[in-house]
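What follows are several structures.
Next, two complexes with chain A in common: one pairs it with chain B, the other with chain C.
Let's turn to the complex of A and B:
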């Protein structure tokens, strides 16, 4: 097992190095000069513009050769110094991400986990009886095929703008300060409901469809038929089938949770929810290469950690994996 | 049994939901409890909420970082010597009690007494000191001492500035009427103290420091406790010197300007009463204003400056900007053909639903109509005429290549206008294509001179057309046109003549009205004869208000009609928006 994990870690380190290198390089290949875009905000006279250009060219490190900029970036990663954001100047990138990541976490983690839980249950129910299958499956297809932004706009319009039931934008009300009080928590939850629902319902469909298909597959397998021939109750057979069917879903859950750090751009734009998705949007549209690098780095780390976690979880929950590893080592 | 199973399922679902929320809530609490106190929940009884200015979170309160600072840096925190009223075309003494030219190269102004420098709310709104002539001198001389200051053009004009108490004497190397006039109402006075002000700041700090604990003289001070990534908040300054001198005060305790998002979110926030003043462009607002008239609608209490078209004051001139360094844009007949092919009325009616007005051929703003040389317009001006357009196109020897017209992606009203222009150009035989790159790419295209046509509105409202022609004719043209002047790259003997005229204007006394008008006439003739820019329409000073919580907003034909209702940079601190806000009173609940 030790050899297995050492091999895995080596692969992940190599993947991290390649991904970070691409993360550093891609923003620099984008068209347009990010410094020109940044300096446009200053609206200075030409001679003052030249001074500012020279100052910021040096301040952002563009005067260094590319290989030095690359090495400084790696040094920054190890010290968690990701540079200064150009769009949110003069706020450091790490601070900007820190201000937004928890809103994304608060929105996407519950949506993914609840959609996973409820969707798997619904999918399992659908596989139990034809009547349920004929209603849950088409509904799931319809829901999972719905674009996130369209559903979000419907919720915002009907429940927010038209019927005034819930606030339709922002993570908390204007005039409210994010501090640890019941007032703020209530306000935050009130603003959280619509974005959460817009994600939960769409994600739900995908999990339900997947689990329904997996359950049917497991119920058709040899061990299930054997149990039925032995006279086992249907409930017992379904329970074994569910345990086997949930394994691939677990992989999907880990990947979904790993990429949650990327946020959900369209949902956050529709609701103006201050998450990482909105950060990505602002970084790309304003050529903030340092913020782009920082945000993509977060995605890289999230995906790799999630993959590693699923490797460990599989070893724990699936005895076949443990046995095959022991067999390989023996 | 089914009920028991259902309860078990719901119970587990609730636990899963609550559990997955705990970590983010705790994290938000942990990071947020570091927010400075005191922080209270602001509401519409004590706070006015606005939108339409900021597109990124407020992080800078340095007035030297024009275009980057948060709403209110100019106007609420820092003030200018005079204000300009674009509706009456008058200057209002503000920090200065008076000012006049005592010779063609000497200007003497007297500062008001009792103007205090006040710190932000978190530190108790303490009075730090009193403004004196030394602060005015410090601010003026930054033009010479700070190479990065945005008004560095003053350095070539000013010889010296001295203060005796509150009297400041500025001596110029040569007459510099326009540059000085601009400084008087556009550039805020900064604290010179090395203890609480910027007196000891380095050049780098003056131009790049965020100034997160500003010390200002204005009607409000920064409320850092309630400022966050979604809004900047201010609290009324009880030590406001100009207010005391002029008998002005704000009836609200706080003002919060919010960070913009998409149009649909801004529209909904405005219509549901979350926002009191919206300076966003809200497509379709004209129909909602009509719907809100007596007779009932879902949305009541909303209004604009004018109750009918064009609803909004004009803010700036929108140009179709040709790149004169490339063919076929460098051909005058081609430019004429383009100008005559575009149906401005269609853009005004279809794209903007009459929220804007078509520009006159000179492009001078409606408030500058007295400067328009009507004879030159009659002789050389263009108008929508497809027959003439086809004839001019023939003279241009246009070879049929496709030209692009670009604006940043997401600027939907400009995108729609470009699509209409492309159709118009095709009807006269010009192949045109709309291009909507990202803001960064569009900016690079213009500054590097690789674009064909672009939409531009850099010439904003001002007391006279000097600024307009400065932006149009400034020379020399750099390889990278990073300043927002002469983006069209108008060069050559005629361009040099025009730029010399602009500089002559700066050197002509403001009192020499007929001489100045003569120079303006020459500049207008050059513009009309050469079409370096093609004026199309006047962009609106987007402002719609809700009277649900606060009333007495500026409306034409009322005693508030001389006040500008716009919070944008260049308006709040330079024009009469502060006076507009001083009229607001809370709307009593029915």
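Let's turn to the complex of A and C:
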């Protein structure tokens, strides 16, 4: 058990190191001046421009040798000091991200969890049942081919722009401030529904397909045939099949996280929902490199933590891994 | 022993992918990540025992091919999937002859709903939506095929090398795979695209390929592991063939069907990922893609102006193409994998 987790953790640490190095290296190794767009904001005399450039190069530490910059970068990460946003200058990146992360988590976590359970249920229901299989399966294939941003636009158009049922953009009404009052919470929830539905729905398809195939496979296995021969009710056999099929689906959850991140980002853009995804997008449009770095770092940390959490759940859910790992250790 | 003695169909494509040795098709999870060996969260010690592939039957390859055809033309999933994808391939090839408008030629009268003159209406800038869609489908297929090829080739290179060489080479490649598989593809592309400001079609495909190979490599590695200990591979080794020749002549043909399925999934995934990149505005400039159409429609307020014919078609077409590809994949899997046929 300890060896298993040590191995996992060391891979995640290595991944973190690689990601941070990429995050640090890209603006410095890519052609072009990372501060160019930022400096363009200051329309000034040529002399003043030069002075400003020198000033900001020093302020952002670009005049140091590369290895020093790298060490400073790591130092900054450990102190959660990710530099200063250029767009929201002089607000620190960490503060800007901190203001947005709640909205992303409030959307992403419920969407993933709900889609996982509902999708698995749907898939399990569809397996080996003609009518359900012929309706749920084709729908699932279409859903899993649907671009997130397009479905989000459909919802925003029909339920928002056309029929005015629900607000189609922002996380809360313009002019309100986020405080813990019932009116604000109601307002927030109203704005939450559409982006949530959009994410939830698109995430559904993959689970349904995966679970359906796994259940069919389980129903073909010896223990299922044995149970049937003993005369067990079909419901019981299916319950066993479901429990066995849940494990590979958990692995699938870890593998699908990257796609969910992508879906979350484009969905936030469509609904102008002020989470980290929208922040990432705005940072790119504004060439705000420190904010970009910070947002990327946050995404990486989030994915690594989620992966680790899934590893733990996997071991808790599957008694076989526990036993075999104890056995392997002697 | 020659290739003919190890018939291409003797290995069941899905059989190496399930925990117990044979079973379901590569589980399709959200378009990009079919669970390759169901093992990602388990210790690696299990991987070797995973793919216990049944030994090749000494049957004549010709009969196998007939058998595949027999099941292929009776498989509804495969037929529907192939006809949907085939339809859009035809549109991409012949579409430009059906339209008399250049995709980016602007008019000056604002947007118009669909009509006899403009089959799918015109955009905010009075561009013909139908001709944009036609050229967009072309671009989508280009990105999909190129991106799919890049990642399959990378996955094969890494999977074959790791699986066949084993030892420290395997350890290192496995580590690289495990690292890349965790880093979210889209975040990576965003941060690279963010500095390059825009990506050409080729770069877009290359970058997608560069970061979407890991699960393919993992699955190919597992399959290679089981194949390399077979007799015919041992014979080839005894006869002094070089490793690369053994991999290409003896091992790869035995998982050709599996490689094809992998390519189709990566193909669809690449189209979807490219549509995300294009939608956030990092896609190729001066070229119409289905993703940039959605980008333009969204950021020029098509939603509030109710220009639904601008953003509905591109997304619907992506949905059909990618959904069709996944369906084709599932159908082919059933054709190649006798265990799934009885359904």
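One rule holds for everything that comes next: the second predicted complex is superposed on the first by the 313 of 330 C-alpha atoms of A that agree within 3 Å, B and C clash if a C-alpha of one lies under 4 Å from a C-alpha of the other, contacts with A are read in each partner's own complex, and residues count from 1 in each chain.
Keep this in mind: contacts are C-beta pairs under 8 Å (C-beta built on N, C-alpha and C of every residue); 3 or more make two chains touch, one makes a residue touch a chain.
Fair warning: this is a prediction, and the values are worked out from it, not measured in the lab.
Engineer: Figure out whether A:168 sits in contact with chain B (first) or chain C (second), or with both, or with neither.
Structural biologist: both
Engineer: Once chain A of both complexes is superposed, is A:61 in touch with chain B (first), chain C (second), both, or neither?
Structural biologist: Neither partner.
Engineer: So in the superposed three-chain picture, is A:176 touching just chain B, just chain C, both, or none of them (first/second/both/neither)?
Structural biologist: A:176 contacts chain B only, not chain C.
Engineer: Quick check for you: in the superposed arrangement, does A:287 touch first (chain B), second (chain C), both or neither?
Structural biologist: A:287 sits against chain B and chain C alike.
Engineer: Using the touch definition from the top, say if A:151 reaches chain B (first), chain C (second), both or neither.
Structural biologist: Second partner only.
Engineer: For A:160, is the partner it touches chain B (first), chain C (second), both, or none of the two (neither)?
Structural biologist: both
Engineer: Of the two partner chains, chain B (first) and chain C (second), which one does A:265 touch, if any: first, second, both, or neither?
Structural biologist: second
Engineer: Just checking: does A:52 make contact with chain B only, chain C only, both, or neither of them? Give me first, second, both or neither.
Structural biologist: first
Engineer: So chain A touches chain B in one structure and chain C in the other; where do those two contact lists coincide?
Structural biologist: Residues 30, 32, 34, 153, 156-157, 160-161, 168, 269-270, 284-285, 287, which sit in both footprints.
Engineer: Can you tell me which positions in chain C touch chain A when the two form their complex?
Structural biologist: 18-20, 23-25, 27-33, 35, 38-43, 45, 175, 178-179, 181-188, 190-197, 215, 268, 272-273, 275-276, 279-282, 291, 294, 297-298, 303-304, 306, 308, 311-312, 314-316, 318-327, 330, 339-340, 343
Engineer: Sort out for me which residues of chain A touch chain C in the complex.
Structural biologist: 4, 7, 11-12, 14-15, 18-19, 22-23, 26-27, 30, 32, 34, 138, 141-151, 153-154, 156-157, 160-162, 168, 203, 205-207, 209-210, 213-214, 216-217, 220-221, 247-262, 265-266, 269-270, 280-281, 283-285, 287, 289, 292-293, 296, 299-300, 303-304, 307, 310-311, 314, 321, 324-325, 328
Engineer: Give every residue of chain B touching chain A within the complex, in rising order.
Structural biologist: 9, 12-13, 16-17, 20-21, 23-25, 27-33, 35, 39-43, 47, 49, 56-57, 59-60, 65-68, 147-153, 204, 207-208, 210, 225-226, 228-231, 233, 254, 256, 258, 261-262, 264-265, 268-269, 271-272, 274-275, 409-410, 437-441, 443-444, 447, 478, 480, 482-485
Engineer: Can you name the residues of chain A that touch chain B in the complex?
Structural biologist: Contacts found on chain A: 30-34, 36-37, 39-53, 55-56, 59, 87-91, 98-100, 102-103, 105-107, 109-110, 113-114, 117-118, 121, 153, 156-157, 160-161, 164, 167-180, 183-185, 188, 269-272, 274, 282, 284-287.
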